[in-house]
Every structure is written in C-alpha cells, then in structure tokens.
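As written, the chains take the letters A, B, C, D, E and F, and residue 1 is the first residue of each chain.
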Amino acid sequence: MSIVARPKPRNLGKLMVSHVTVAHGGGGKAMKDLIDDVFVSAFDNDLLAPLEDQARLDLAALARHGDRLAFTTDGYVVDPLFFPGGDIGKLAICGTVNDLAVGGAVPLHLSCAVVIEEGMAVETLRAIARSMAATARAAGVSIVTGDTKVVPRGACDKIFITTTGIGVIRPGLEIGADRARPGDIVLVNGRLGDHGAAILCARGDMALQSPVESDCADLSGLIAALLAAVPGVRFMRDATRGGIATVLNELAAASRVAIEIDETATPIDEGVRGFCEILGLDPLYLANEGKIVIAVAPEDAAVALAALRAHPLGRDACAIGKVTAGEAGRVSMNTLFGGRRIVDMLVGEQLPRIC
Amino acid sequence: MSIVARPKPRNLGKLMVSHVTVAHGGGGKAMKDLIDDVFVSAFDNDLLAPLEDQARLDLAALARHGDRLAFTTDGYVVDPLFFPGGDIGKLAICGTVNDLAVGGAVPLHLSCAVVIEEGMAVETLRAIARSMAATARAAGVSIVTGDTKVVPRGACDKIFITTTGIGVIRPGLEIGADRARPGDIVLVNGRLGDHGAAILCARGDMALQSPVESDCADLSGLIAALLAAVPGVRFMRDATRGGIATVLNELAAASRVAIEIDETATPIDEGVRGFCEILGLDPLYLANEGKIVIAVAPEDAAVALAALRAHPLGRDACAIGKVTAGEAGRVSMNTLFGGRRIVDMLVGEQLPRIC
Amino acid sequence: MCLGIPGRIVSIDDAENRLATVDVGGVRRQINIACIVDAEHPPEACVGDWVLVHVGFAMSRIDEAQAAETLRILAELGEAESEIEAMRMTAAS
Amino acid sequence: MCLGIPGRIVSIDDAENRLATVDVGGVRRQINIACIVDAEHPPEACVGDWVLVHVGFAMSRIDEAQAAETLRILAELGEAESEIEAMRMTAAS
Amino acid sequence: MKYVDEFRDREKAEALIREINTVVAGIDLARHRPINIMEVCGGHTHSIFRYGLEGMLPKEIELIHGPGCPVCVLPMGRVDDCVAIAERPEVIFTTFGDAMRVPGSKKSLMQAKAAGADVRMVYSPMDALALARKNPGREVVFFALGFETTMPSTALTVLQAEAEGVRNFSLFCNHITIVPTIKAILDSPDLQLDGFLGPGHVSMVTGTAPYQFIARHYRRPLVVAGFEPLDILQSIWMVLKQIRDGRAEVENQYARIVSDAGNAAALAAVGRVYELREFFEWRGLGSIDHSGVRLRAAYAHFDAEKRFAIPNVTIADPSSCQCGEVLKGVIKPWQCKMFGGACNPETPLGALMVSSEGACAAHYQYGGVQRRMGVA
Amino acid sequence: MKYVDEFRDREKAEALIREINTVVAGIDLARHRPINIMEVCGGHTHSIFRYGLEGMLPKEIELIHGPGCPVCVLPMGRVDDCVAIAERPEVIFTTFGDAMRVPGSKKSLMQAKAAGADVRMVYSPMDALALARKNPGREVVFFALGFETTMPSTALTVLQAEAEGVRNFSLFCNHITIVPTIKAILDSPDLQLDGFLGPGHVSMVTGTAPYQFIARHYRRPLVVAGFEPLDILQSIWMVLKQIRDGRAEVENQYARIVSDAGNAAALAAVGRVYELREFFEWRGLGSIDHSGVRLRAAYAHFDAEKRFAIPNVTIADPSSCQCGEVLKGVIKPWQCKMFGGACNPETPLGALMVSSEGACAAHYQYGGVQRRMGVA
C-alpha cells in the first residue's frame, strides 16, 4: 500500500547513552538517534517514513476495505508504566485499536506521539517500544508516523503516549450509541473491573497486594468474529474510564432509552470483589481495557453470545441486562438481593470510602 | 461529508468549578462537562461526534481531493503556554496543518488529545480551546475527535496537546526529502529563528526582554499558492525544532546531495541576531513555526519566489542557496565574511554559550 | 460510616509491633492487630482468625457461633415460611 | 571563552546597587555596571554608554576613538589596495 | 467471601420481607404512619441504597437517614483548617479518600491538592505514620476523622509514633461521638422517629451499654445492626417487632462482631490519647455538647491543632440548606428546595450531599428507585 | 549592530587577506613552515570556524587552537564534585549553559539534572544570587567557571551577597588563569608555535602587561585580539608582520575594549575575594602551578568547597586522549585516533570535544572546510 517507494534508511542511528536528556528532544542528531534506535527499529514497516513528517496512504487501497474512514485518538498516561497484565505500550495500541474496532472499523494504521520525561532509562523506553511493536503486529496494524518530545524532569510523569488510529468501516455496518431500541439485549465479553483494580493495586498507595491482572487486550479479533456472526450489532463500546456504568449511561442517554441490568448476571472476579469491599468501591465504575458493552436485537442475542464465547477473549461473555422503554437515560440494576437501584454517572472519579 | 447524520446533542454539560481537578479525568459527569463545556462547544462542527469515540469520514468524499491520504502527528509541550505571537493552541493546529501541507496535502481533519495537569484554570483551558478553534476555522480544518486526560499536580507541565492530521494529496504532486537534485534552488519564506528566540525570552530564565514574536502561522494557504504556481516543487519542510540547519541536513542526507547556502542571503531579524549574540547561539538552529525550506528546480525558482512573495506569509521569501553534487549529506554556508563553514546537524540542543 | 470488612489473618509479620497480613477475597495487606490480642490470645494465635478490618486495624474477632446463630434464625424463618407454604399448598391441593 | 557583546546602556535601574538596563540589537536585560563606574563616571553618567557585556556585567566602556582608529587602518588598507589596483589598471590601459 | 456472601442471600431476604410484612400488619398504624426508622449510620444508608432495600420494604416503613457519616457532618470551618494546614509547604497532608471532596468555604482538599498542596490519600493512619518515617524532612499530618470505630486506630498510631520517637507526625483531630448527637435529635421538638438501627461498628468498640438511655429514657427501640443487607432487614424486623409489641429495648443483631462490653484494648487506647471536648460543631446540626474529642495535653506534640496556626473560624451553613430537617426525618432529601439544583454532588451545598454515604448524595446517586423512577 | 557589523565587513576582509598574503611572501618559510599561530582563546576558535577564516588564509599559516576554553579544560574530577553538590536535595545548582554537557567520570550536569538533581541554567551569577533570595529554604550554588574575564562578576556577586547578608548562596570556584598555562605550553620541548593571538576579554580585565614575558623571555610575538572576524584577521596580520620583521612584542589590536592597565575596579574585586591556589588540574594538560584561584578565608561562608563535602578525587584523562598534543600544536584534531569515533560531541572523550569552543568539537561541528571537504 506504499505509494512512494523509497529506499529505506538502513543506517539507523544508535543511542550512545543510557538515559534520556533534554538533548534528545532538541531536533538534532541525538533526537534522530533516539527515534531511530528506539522507535523506528521497533516499529519497522513499509509505510513508516522516518524521512518525512507524514505517512502517505493510497486512498484506493483504503477503499477496498470499506466506505468510511474511522479516526480516533487517545492519550495514555497510566501509572505505573508496567503493571500486571500489561504496560503503557501495549495499552496505547490496544486502546486505540479497540476504539476503532468498536465502531465496526478494521483497524489499519496508527500514529504515535510520545512525551518523555528527561531521565527516563533508554532500556525502559525500548521495552515500551517493543511492547507497542509486538502488540501492533499481533493486531495487524502498522505504526506509520510519530513524534517524540522530551520535557524537563518533573514536567511529565515518565512518559505519555498518544496514539491516533485510522481504520475503514465495511459498507452496511451501522454501530452507534443512538441505535439501541427497547428490547435489545446488553452483553459484556467477560469479567469487569480487572484493569482498574490491577492499576490501583500496582500503584501501591493503598499497600494492597492482589492477584488481579489488567484485562488489557486487543479486541479487534473478537469484534470481527462478533460482526461476522451478527452484522446488525447496534452498539459496542469498550468500557474504559468510568467502567460499564458510564458506557451504559452514555448508551441510555444517546438512544433515549432505559437500561436494566442484573447484578447476578454481572461477572466480577473474586479478587476484584475483595478489592472493592476493602476500599468501598463499586466495580461497575472501575476501568476495563479488554471489555466491551454490546447491544444487540433480542433475536441476535444468542448468536452474538455464542460468537463471543467461541473467542478466547469472550469466554466469560454474558447477557447482563436489557434495554427498556423506561425513563430515557435511566440505568438501573436489579440487585442480587432482589432490590433495585439506579446506576448513575459518577460525578468525578471514585474515591476509596474508608470512614 | 458526514455520513451518519446524528441529532447533535444540544444539551451540552456545564462546568461548575474554576479549576480542573483529577475528578475531571475520571470518566464521569465532571469529565463530560469539561469536554462539552470547553472543547465540544469551541470545536463545534458537523463531523465532531462527541457521542462516539471515533469520527467517521466518507472515503468517496476524501477521494475527491486526491489519491493519497497524508497522516501526521505532533505533540505540543511548549512552555510558556502563551507567548508573543501565539499560544499552545494555535501552535497545535498550525504545526500539524503545516506538516500535512508541506507534503502537498490539503489539510482536512484533526484529532486532538490533551493531557491536563490538575489545578489548571478552566479559563486558561477555554482560551486555549478558543485559540485552537479559531486557528482551525481559519485553516479550513475541522477537529473531529479528541481525548482528555487529567493527571495529578506535578505529573505534567500544565497542558500537553497532541494533534493528528489527515489530508489528501492531489494526483501528480511528488514532494519528498529524497527528491532534491544538484542545481536545485533552496528557498525560505521569510526571516528565521523568531519562534525559538521568542520562546526562550518568554520563558524568562535568561531575564531577557525582546521585541521578537513567534512566527507561528498556518502555512497551508501559502503552500497552496506555491503549488499552484509550481506543481513540480521537489521538497518542502517546516523548519521547526533544530531550525533550518536540521532541515537542510535531512534534505542533503536523504537526497544524497550537498547544499550550499549564503549567509548574506539568509534573512535574520535584528532582534533575533541580538538575542543570539548575547547567548552565543546560532539562528540557523533556532526553531521556527511559520517557515519552510523549499527546494525547486532552477527553472522554477523565479516563479516560486514570486508566488511566495505574493502571499503575506512569504513577503520576505528568499533564495538562500543551492543544491550541488558535492559530498552527499554535506551542508555548508558561505559566510558573509567570504569564508566557508560546515553547517552540521547539532548533537543535542543548543545551550547558551556564556563563558 | 466505618467501613469494615471480614478478612482472615494469614501470617504474623511482626508480633512485637502487632503487625499481621490479612486476606480479603485474595487481596492482602498488612494490618495492626493490637485490638484483638491479649494475654490469652497472643499474636501467634491469631493466624487463621477471621477478623473485622477497619482502616488497617483488626477491630474484632468474628464470633463464628454467633454468626451461625444469626443465620440459623434466618434459615428458620425461611423454613417456617416453607412450612406455611407447604401447608398452604397441601391445604389447596 | 568569555563571550562579550557590545550594548548600549539605556537606563539606570538602581544606582546604589549599580544596576542598569542594556540594549543589544533591541534585546534588553538588566546588568551590573560596577566595573565601569568610578568617581569621575558615576552611574548617572552611564546612560548612552556603549559597553562590553559579559555574563550580565558591563566589563568595559567602548572607546569610540580607538574603534574608529582600527577601522581607519583597515579602510586605508583597502584604499591602498584600490590605489595599487587603480595604478595597475592605469598602467595596463 | 465468608461472612459476606451468606448475609447477601436472596432467599433469606424474601423470607424476612414476608416476616416484616406480617409484623407491620400487626402494628397500630393509627399511631405509627409512616413507621419512621432511623439508621444512624452512614454505612447502613450506603447498604440500603446499594441493595435497593427501600423498594423491598412495605410502604408503611420510612427509613430516615441519620447523621452517622463523619465525612458529611464535617463543618466548612474545619475543612478550611485542613486546607490551611495542607497548604503549608512543609506539610504532607494525609487523608481518607472520601474526605477529599468535602467543600470548605473556599476549597476542598481535592481543590487544594489541584492548586499545589501535597495532599495524599491513605488507607490507614498507619500508612500516614509510615510516610512520616520515610520523609523525615517533612511534617506529616493525618486528618483523623470518624466515630468511635476509627478512634482506636488513630490513638494506637499516636502511641506507636510516640514509642518510636517519630516527631514529624501529627493528627488533625476531628473525631466525633455519636451518642450526644442521637440525644440531640431525640430532644428535638419535631421528632418523628419510632425506632433506630444502632451503629454496628461503633458498638463493636463501645459495646451496647451507651444506647440504654434511648430505650429507657426516650422509650424508642434500638437494634445494633450489621451492614450486610440481611443484617439490615433483620434489624428492621427486630425494631418492628418491638414497636408492635410496645417494647423499647436495646437489642444486638450483630453479635458475631459486637459484644455487649465492646473492645477493651481499643477503649483503653482511646481513653489514653483522647479527652472529650466541651462541644463540637456538626454540619447541618450546629454545635453539640461533648460530641467530639481532642488529644490529651500529654500528646500535644502530636496535635496538629496545637502545632500549626489554623484559622479556626466557624462558617455557618448556608441558610437555604435543610439538612437538619432531613436528618431529623421532618423532610425527605428530594423535598429540600436545593436538591439536585444548587445542591448536587459536584458542588454540594449541604452536608448530606457530600459523601456517597450522605442521605442526599445517596438519593442522588443510587436514587430512591421507587420515587425517582415514579414507581410510587 | 554597532561595534559588531563594522568588524564583519567583507571588503575590508579582502584587503586584509591580500595584505596577509603580501606579508607571508616576505617571511622566511625555511624557518617557519607552516607558520604556527596559536589563538589562546576559545572565543577566537569559535569565530575562526564560525566565519570560515582558516579557508581564507594562505596555506602557509596553521592556526593552533589553544587551551582557552574554561569549559573544555575542566577536569572530570571537578565535574564529579559539581554533580555531588547538585545531587544534594537542598541544593539548587546554577550554571552557565555550556558547562552542562561536560562529562564527569559518571555523568555530566545535564545527566544529573535528568536524574533528578535541581540544576538550572543562568545567564549571570547575579541571576543565581536572585534565585538564592527567592528560595531562602534552599542552598543555591553557582558553578563559577572562567578566566579573569569572569572572575570580577563572581567576585562582585559574592560581595553583594555578603552586603545583603544572603546566607544560602555559595560558589563552587573553578576559575583559572591563562598566563601560567601559556607558560607551560611555551616550556614544552615539542613546541611548534611562532606567535600568539592574545585573549581580548581576559586582557580587558588584566591589561596587557602579563604577556610581556612571552615577548621578552620566549621571543614570540603576541597580539591582543578582538573577536570579530576582522579583529582576528587584523591580529594575524600584525603577528605575521612581527614574524617577518623578526620582532617579538606585545601589541594590542583590540584597543577599543582593552586598555594597557586593565580594569581597576574589576581587579580590585578579584583581589579582595580570590587568592591563588598552589596548583590546579586542567583536562588534557594535567596539573599546572598557580593556574587557579579560590575564595579567601574571609569568604569561606560563600565557598561551596568548604560548605559541602565533595569527593575531590582526581580522575586521569583517558590514556588514548591526545588533547595535550593538539593543544601544543603537535597534531591536528583530526589526526587524533579518537576523533569522530570514540570521541564525538555526544560522548566526548577528551577536553577539546566538550564545548563548541573546543578545537576538536569546532572541527567536528563546523569542519575545517578545506580538509573535511577535500578542498586541499
């Protein structure tokens, strides 16, 4: 799909030092060496044109995948950089690939802009770049353009990564937050809250040790399998910040419907439950990085569930509730205890309740 | 060009507080209010779909502009956020628009991912968003998707913005760093080093007061005028970090040619010269945000120069040198004094020489 | 107020300073057990204890017999209901 | 070593502490003028002085006559050359 | 999870609800309509909303959400004091997470943190002491907050700091005691309460004796209740039976955790470190005699109030705020004119909107489903 | 810019070059081939490369780039001391920009900053003193570096700090004097120098008297030179005329700035604050007697060397480094086996690759165009 066939620069620069300094952001040879040695060598692909500030993609080749271009961006600022189940590099690829895939797009290309704090170990940077490269390769996407900034110590927390993705949507797919209809069934592809719990434990502030790992995963394969089985999927969204509670509220508001979920049907890992009980948190609001909320027509529910469960990342998929004609925007939960409660948007973030 | 005609959400959220806290990054109502109130309301356009995590663009409509999609990303971390001649918001639009335009692409759409430090005044954020919106409007591009992260105090320096741009390249344009040929003429569109000098003064560390303003500008109009006059332009690049010295070195290396520039022909503002003399800096390495280095065939030089000079952003355009068959990758300058020196890549960044 | 959660003490980390590790659904953390030890129940005896944890302190040892008794009462209520139900069903049939 | 640059003193900011503002090609900054003032040339007399600035200190007042003299010598060299050139031209024609 | 899941059993709940209906049927509704039962404790309020218990109860029962959330009742002036301490450059101000959002007259701790104060969330006062050990050049202040449940943990932390000779650690003490406040509510002329759920975890420390006056003097039944939904339903059932039978006793539903005598070691630590204040200010309720404690003079070195100059200004609650009436059961949260408008969880006006355990915040967040969804 | 642009005039340069060629034609090349002229000062080296002067001169002239860059000659051990001071948490370490990149045995100041040390670039020692005023809780250390030109500014800053009673300010003094080093070079047995360009800005402080021994004792001409390209060409022309005429005198090309007596106020401040050290270590040249100064005992409070424990370890230059031979004119930078390979501006091995004023770095950056471009 490359247009301008270009002799690839084989004489990549080599970093001579073990830690990044502001010199590596100055635009000169040190910066070129950093980019070549860490990023270009890891991301290596035909479209990545480190000689230019832009990648060039053949529109006709893109059009063979479908009729609409999907375009999405996310910044990744996770702390710590490495956590059980993943790292910021893996996250930066999976998150953006997932944001393309949930709209029905085939993820194709990513850009990657990093802001690095001076003092970062080059080895750490390499590990992140390798993780990005491996995740991108597995997801079938190429990182085709990028940018590197170095800021003084204390001006950023180690590294921030912004990836922007483009993909192409097949004709006929119409997936949107405004498409849910009363009667639709709400599905999730597995247990909820793992990422949020894993990160809060990994951060160490609460001195909790937990076996929970982040669910950080590329869901494009799972979603492709689902769309192959049920092209009429109404809505999909990855339940990241704010958890499934937030996605359900967004869906209910945009589609002007009510949603009712069942606590007994909502899968939560025992470790996540323990974590939430200790800190007084609600797992419905914890972040996920490998979970999607799906709405399908009632007649498609069984096929959708079967398609999800046939994929390794959907083994624990469940139907957790349904769309109703109740008060527009209202999300409620039938509790395991037989009661019923509202599941509203959070105002800010959840804070540990202790007292 | 919008595909899925969607009822625009007219009930945008409203921020209730004067300063950003981590609550505004939590995924809940506070975050939605921040995004709605500050960004969605400023960026307002038909394609911006705040209900989805992706924008959707009609491929057929894109193809009407040309045959290749250009895709570029840059992170903006400038300190201070507001400086004579611009601000981080204006810069974040101009920089990415320019990176599209220098490749010959018509800039069309941008994504925008911001990382905000808690404690930032909402008014400051609004001023930045307004500046982005006004600059984008003037450049004829729409900001169609975005992301907002809030990090704890001290985890970032006020705000970082990453914009990613897509544009479309007209059939027949072939602009690249590897296309310069001996005999080509090297042009710039005006005086050099203004941005670098303005920023270093504005930062205040050196306690220098200077009348120099950043040259931060959207060059897409100037470039369109140039390409209309000379479709055979070999190379263009905005001379940002590392200044024109870096761009010339990149061009010489990628095209395997030598480049010779003339100091007497190289336009430098008196204030920038004074600044450089005080700190012992070389203006060839100072950043620009509204200057491009252009290479054209010798027979096109006069027309190109006339086209540039006819545009307000190219009034001071000059031919500063030529491409030669000398040692591949070598850039030299004939000094105003009659000598000759090498203009190499810098290793890191320029540091004030004082002693 | 006063979020408390049952957990099981899995190890004593520092008997002198009354520090132990508690397990809650697989999540562990170090807590202070000063309020649940005395001469008769020294730190060493606490491993395996179920305790009520509040802000990093074990505030009470859970009385298994009392817990069982509470559940017994509730179970009987259910059984009573079932019996009544059963009686009703019988009567109705 | 010892980067120095000519600048012109445009104002006295604090005569007691020997602080003045210098202008170099339109760029200004505060400098210390302790090394160029004495009883005969007090701070107040320094406004308008051309000085050599090094690390924020005025280290020398520039001697205009000496500068002119240096330039005169160089100019004469050029003129001598021109005369020789002219003589050659004349001779050749 | 043991001792948790058994007390969330749906079938037992159904049996209890049936029993509750039976008991309500036996109550003289001419005298008690609605039957107003106050859960004193914010933890109970939280469970009631979390599990949707109100909607399961017969409509004759009204649950009145009491003052038992120490985060909610913290007055603005004390938050201002926190902010003043936290803004000192040498101070690392440590706090439980949910106290971060409580508004002061100018800012909350979260806003102070955003503006540059070094405010850190901790899970335990022990973690604050650990921070003091790790940062010998800084002053670590712990925001001690809570009822009797939490007092032993902060008292033991002070004793540990003293034993180790840690000198850069102190408490900003805002501990309060629940009993004088219940008494103040019982003394109010517009009282509407028929019975109480007693605070389970406070009682685990204090034992059940402190509530006897409620039964004896005010002739209201009180059942010390656990926090799982079955605990709460069972306790309601026990209160109802007392009402039906005309009894007024202190009963203990939560005997697996609460002994009649309380926890001797905990009480000893509290007694050693703290003494009663003459009075303490409660948001929404005003000043209540003997309702707070402070560090004894012997521990003055650990008393942030003594070590740092604090503004110590009393800020009156906004006059439009009806928290006091909600607390006493005179009105319901959604009957306050401010509810959901000027008063909301992002910019709370009154005490009860502050923490997710506050009655108004809980209504806003989890909703009284039956009311906000129009179910009746 | 006045006093700048006039001295960059191309036509005058052409005339001078013609004159230089005429003078060279009159020199006995059997005795002087090449004619080795050392510019002592790094500022001259910079101008020579910046304006491409070497390529304009007749090929009989070789410019030898001297030791006059105080950044280059700073030994590794002193950089290690800087890093040790900068890494103290209470210290704000202030420095001129170009000293940031000088390698120590483990790290440069730039790397120390990247690793968390509070290192700040300033334009003037006065700015460091201002930082001390603004940060009374911190210790502000200024990295005092440079020859006689810079000494008055740091001395006056110390006197100002003393007058104001600023107690949290100190200097890490690495000031050096150029004359003993010129003498050391002149004493070297493999000396190849025919004349000197004298350091214009040092002379502005010291006057021209200190160079008389060079003319009298070593019989080498010296012309005190300005820094604009015409100044340098004119000074070379003046040196060449002396060589041609067999003279050895101290002449002053830079009379608009330099008086024979120097600057009395500046010398008084230097004499009040500083005293000579017995010896000082120079990178590439080793220890040279009386080549550095330190703060007098009366100003011990402002002496970072006394106030902070420093490692104070001498680190030998790498044995492969040929800086000493380059400095003495025995070899050219590109003849060093390390040049451009192990020794490059990103990871400099020797002194002369460190600052852009160092001879090897200047060759690497600006290139001896005629050599690196194969022009002859």
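Operating definition for what follows: contacts are C-beta pairs under 8 Å (C-beta built on N, C-alpha and C of every residue); 3 or more make two chains touch, one makes a residue touch a chain.
What you are looking at is a predicted structure, and each value in this text was computed from that prediction instead of being measured.
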item	value
Any chain that touches chain F and chain A	B
Contacts common to chain D and chain F (chain labels)	B
Least hop count linking chain B to chain C through chains in contact	2
Identity of the chain that, by mean CA position, is farthest from chain A	D
Homomeric contact chain A-chain B: same or different residue positions, threshold half	same
Between chain E and its twin chain F, rotation from the CA superposition, multiple of 5 degrees	180
Farthest chain relative to chain E (centres taken as mean CA coordinates)	D
Centre-to-centre distance between chain E and chain B (centres being mean Cα positions), rounded to whole Å	56
Length of the line joining the C-alpha centres of chain B and chain F, rounded to whole Å	39
Centre-of-Cα separation between chain E and chain D, whole angstrom	77
Chain C-chain D separation of Cα centroids, rounded to whole Å	88
Multi-partner residues of chain A (at least 2 other chains)	21-23, 29-30, 152, 206-208, 270, 273-274, 277-278, 280, 347-348, 353-355
For chain D, residues contacting two or more additional chains	1-3, 5, 24-25, 29, 55
Junction residues of chain E - those touching two or more other chains	1, 4, 14, 70-71, 96, 101, 123-124, 127, 146, 150, 346, 357
Chains that touch, pairwise	A-B, A-C, A-E, A-F, B-D, B-E, B-F, C-E, D-F
Chain F contact footprint on chain B (complex, rising order)	205-208, 270, 273-274, 277-280, 282, 326-327, 330, 332-344, 347-348, 351-355
In the complex with chain C, residue positions of chain E that touch it	1-4, 6-7, 9, 11-12, 14-16, 18-19, 41-43, 68-71, 96, 123-127, 146-147, 149-150, 152-153, 156, 160, 199-202, 204-205, 227, 230, 234, 253, 255-259, 263-266, 269, 357
Of all residues in chain B, those that touch chain E in their complex	16-17, 19-23, 29-30, 33, 118-119, 152-153
Interface residues, chain D side, partner chain B - complex	1-3, 5, 24-30, 53, 55
Residue ranges of chain C touching chain E (in the complex, touch as defined)	1-6, 8, 17, 24-25, 29, 31-32, 34-38, 50, 52, 54-57, 59-60, 62-64, 66-67, 69-71, 73-75, 77-78, 80-81
